[in-house]
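One chain, chain A, appears in both complexes that follow, with chain B as partner in the first and chain C in the second.
What follows is the complex of A and B.
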């Protein structure tokens, strides 16, 4: 590379570099420093494991995210395959409705969960009329789960439909011609073909669920998910150090999940998801 | 080769028709077809002629319209799905499982049949040796060439010892040289196994060299069923004549033992009628002779020297130019007069 080309390259890279430094590297570095700036220095990061409130919040968030990811993958894979393979009236409308949740912020999704399973919600009204008991789930982990599922499913369905479209029907016919029953075709042909898409969209689901704030905030649940704990520490307790350490840990977990997905499913899979 | 012909399973199709799109698209008119055990039958025709639909009905991937029945030997398999028919199938797109290596692909049918591992290893080993794929055994599919892929697909289909082998345009995706080589391999394989095979293609060369019999199809209907020789020498319709090889057509009027055409006369010894006819003859059944004594005269439009023979396009015999192939060493020039006669035994006359 000669000097001229080198100079052009620097000029071209400059905008990206500025944005990256200003909005990514500097804040992250500052956050790491704040996390370690308390009386006990970097040991503060260990508090997450020793402080029960923080630790429980971390575990609850992890479990919820994993549960949402697995369930969303299962539900969306089945529906995605069905939608890709069957042509019926209203199919287009149904697909655009299924992708609707992508258009809403978490607050609205939380609001909808309350309308469904809150104290004055649809389920509570119906259950009261039928059994006399009000069933209310909006403010528990069930409410969070429903809300997270709502915005996770469309992300997976779209990826699965795209992957299923590329699947050569002759592959399934070949497996069947060799005597494979339907469940083996799914196991040996369809799922392996969908694997990159499943990993990619699963990672996105997991990352989104780990960091989701709006829904949790609206539902004001009795479970503190990590983003809620960070908010509480930061605004109510003015525990800046605690909030910073939790933020860094949350970031590392999410980033690791995305990184693993990237390396398992090929470099462009996450971008495609 | 006839010795190995008697242990294959016979296939019988009875009134098999197929309609798609809720009764709107007729892909296959009612078809009756009997294939004897060990025979190789080629379904030949342009795309959309119904050949693939027929193959898929034999495979069990499509059910014939009500009334149609499919038999393997004496078993009525009409309602049996493909996975229970014990067939081997080879696809144009190879359809190898990309998540398995060569060996796992070949072993798949045996694994599904829950065969003991020792037996699977033995059979796969045999197959790898037979198809000369020793060095490929543990390769991933994306590391194979098209020809290698199709050989793996063949091995995967026959290792389970299927009752019938179905091949859906297996050579179409390959380049010309590989196509010829693999065609020879498939031919040897079918002879050696003595298996009943149905082979779908749109390539007449493949059909002629592989088929014991050829079923020529067009628009969902069978045009002609016969041996390659029958189909080539005695086509029963213009469509078959045009589809198999190249053929010349001349319009003329029959009178006595010959037919009058624009450039002269063509002998027709078996003539029993008079009136308008169409004469078909192949480019290689023409003899070039001196213009003064020739039965037919025309003008050379173009000549293509092809080494072993020369291909001449000749005009002046009606609206369509004709094609003549000659093996003599004479050089023909555009515009020169040319005289020739048609071998009377090789002409096909269609009465109008």
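What follows is the complex of A and C.
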């Protein structure tokens, strides 16, 4: 590659580099610095462990995200394997419907939970007709769980289907011809082969749940998930240092989870040589 | 008869999952055109709520479309050349740059919005303009454009094409505009659909960056869910769904670049695959 070409490539990438540095790297650096700029310096970053309200919020968000990830993986594995291994009429439509919610913003997903479990929701109507009591779950931790499941399932199904497509049918046949019952085939052949895909999609699901703001915002539950705590610290309490430290910690958690996902699934972006 | 039993129980399960995802959407669409949701559809079908939404929130729809178009223009100008450079250079610097570029997808929008407000919030005119929201949207959608174009570039042998053009005397810029860009068409189209879909639906960054005078559609949605009756929120959601439907159909049709290698294809059967990495 000659020097002219090198110069031209730099010209091509320069505008992006400037935008990226000016509007992302510098502001993020400033956010990190502000987080450590209080009277106590970098010790402020430990607040998330020592301040009860922050710590509770962290634990609640972690537990919720883990629970959602595990449940979504279970549900999506059953459906994803089914959709990948069977061909029937309406399969394409079913896949389209299952992935339709991918395009919804978090706020709309919150609203869907209200349609299901709000005061005028489906579950409330049915439970009133059956037992006479209205069951309203949208504004509790159950509502958050349902909302997070709503956005997790489509994502995980897509990844599982992609992973299931690469399974080698010969392995299963071998296991079966050796006399393994269906459940042993699932346990010893299919699930181990899906493992990288499961971990990768689980990590994406976990990261999204940790950072989800719109859904929690719409449901306005009394359980403060981390993004909501950051939001209230910043807007209501004007605690900029607190909001900065919390969002840095949250950013590190989600980035790490996605990094794991990428290194397992083999990033498609770094394929070029 | 073991297999049919397994087939039907899995089918039933999958249909239940599908119902969980789709029933609330249908309910919300119905509520948007129902006279009074409390009494159900028998109270009459009406477009009243839709008109009310257009009356109150029309400017949010315009602003969202405007920002989406501007965002698309910026990501095209920035993203396509960047993808080319990243496809061409494999060094450490290029990979590091790519890592920084995709970082806005990996960290919550809230953090990026806070950083932007802390750094540029003091510039009053900038802070109160829709350009401030645009900056957030560009940061967030640029990785999707770059990846989409990069995926096409890494699946075709563009270096041989370029060598051919160069041996015929084409200059660097002639090659870039005459050979590279036309070959990236499918990736550019898929990336564009993705950018517009993401920008129109972006809430996390936008909620922090907006001002009372720069409300976008999702900000208006959150506002209507919190303060309006269910029918209005539903009608507004319906308007939003109608807006993104063509984009989704486009993604389904053009989301998978045709000239991809077979192994890259498998990951992209619905064309919506990249959407699974968006923040919520």
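Quick note on the criterion: the second predicted complex is superposed on the first by the 236 of 273 C-alpha atoms of A that agree within 3 Å, B and C clash if a C-alpha of one lies under 4 Å from a C-alpha of the other, contacts with A are read in each partner's own complex, and residues count from 1 in each chain.
Here, a residue touches a chain if its C-beta (ideal position, glycine included) is under 8 Å from a C-beta of that chain, and two chains touch if they have at least 3 such contacts.
Everything numeric in this text was worked out from a predicted model, so none of it was measured.
Colleague: Since both structures carry chain A, what do chain B and chain C do when superposed there: clash or fit?
Modeller: Aligned on chain A, chain B and chain C fit with no clash.
Colleague: Please indicate which partner A:78 is in contact with in the superposed arrangement: first for chain B, second for chain C, both, or neither.
Modeller: After superposing on A, A:78 lies in contact with chain C but is clear of chain B.
Colleague: Look at A:12 in the shared chain and tell me whether it touches chain B only, chain C only, both, or neither; answer first, second, both or neither.
Modeller: Touch status of A:12: second partner only.
Colleague: Who does A:106 touch here: chain B (first), chain C (second), both, or neither?
Modeller: Only chain C is touched by A:106; chain B is not.
Colleague: Nearest 10 degrees is fine: what angle do the Cα centroids of chain B and chain C make about that of chain A?
Modeller: 90
Colleague: Touch check for A:217: first (chain B), second (chain C), both, or neither?
Modeller: Touch status of A:217: second partner only.
Colleague: More residues of chain A in touch with chain C or with chain B?
Modeller: If we count touched residues of chain A for both partners, the winner is C.
Colleague: Mind working out whether A:168 is in touch with chain B, chain C, both or neither, as first, second, both or neither?
Modeller: Only chain B; A:168 stays clear of chain C.
Colleague: Touching A:192 in the superposition: chain B (first), chain C (second), both, neither?
Modeller: first
Colleague: Contacts for A:56 in the overlay, against chain B (first) and chain C (second): which applies, first, second, both or neither?
Modeller: neither
Colleague: Once the shared chain is lined up, is A:177 touching chain B (first), chain C (second), both, or neither of them?
Modeller: Touch status of A:177: first partner only.
Colleague: Looking at chain B versus chain C in the superposed three-chain picture, what is their shortest Cα distance in Å?
Modeller: The answer for the closest chain B-chain C C-alpha pair is 10 Å.
Colleague: What residues on chain B touch chain A, complex-wise?
Modeller: Checking each residue of chain B against chain A gives 59, 61, 81-84, 86-89, 91-93, 95-99, 108-109, 112-113, 153, 156-157, 160, 166.
Colleague: Using the touch definition up top, name the residues of chain A that touch chain C in the complex.
Modeller: 4-5, 8-9, 12-13, 15-17, 19-20, 23-28, 30-31, 34, 75, 78-79, 81-83, 86, 88, 94-116, 118, 120, 122, 149-151, 153-155, 158-159, 161-162, 165-166, 182, 204, 207-208, 210-215, 217-218, 220, 227, 230-231, 234, 240, 243-244, 247-248, 250-251, 254-255, 258-259, 268-273
Colleague: Quick one: in the complex, what on chain A touches chain B?
Modeller: Listed in rising order, the residues of chain A that touch chain B are 168, 170-171, 173-181, 184, 188-189, 192-193, 195.
Colleague: List the residues on chain C that touch chain A in their complex, please.
Modeller: Per the touch definition, chain C meets chain A at residues 2, 6-7, 10-11, 13-15, 17-18, 20-25, 27-28, 31, 37-38, 77-79, 81-82, 84-90, 95, 97-98, 100-112, 114-116, 118-120, 135, 138-139, 142, 146-147, 150-151, 153-154, 172-173, 176, 197, 201-204, 207-208, 218, 221-222, 225-226, 230, 233-234, 237, 240, 244, 247-248, 252, 264, 266-267, 269-270, 272-273, 275-280.
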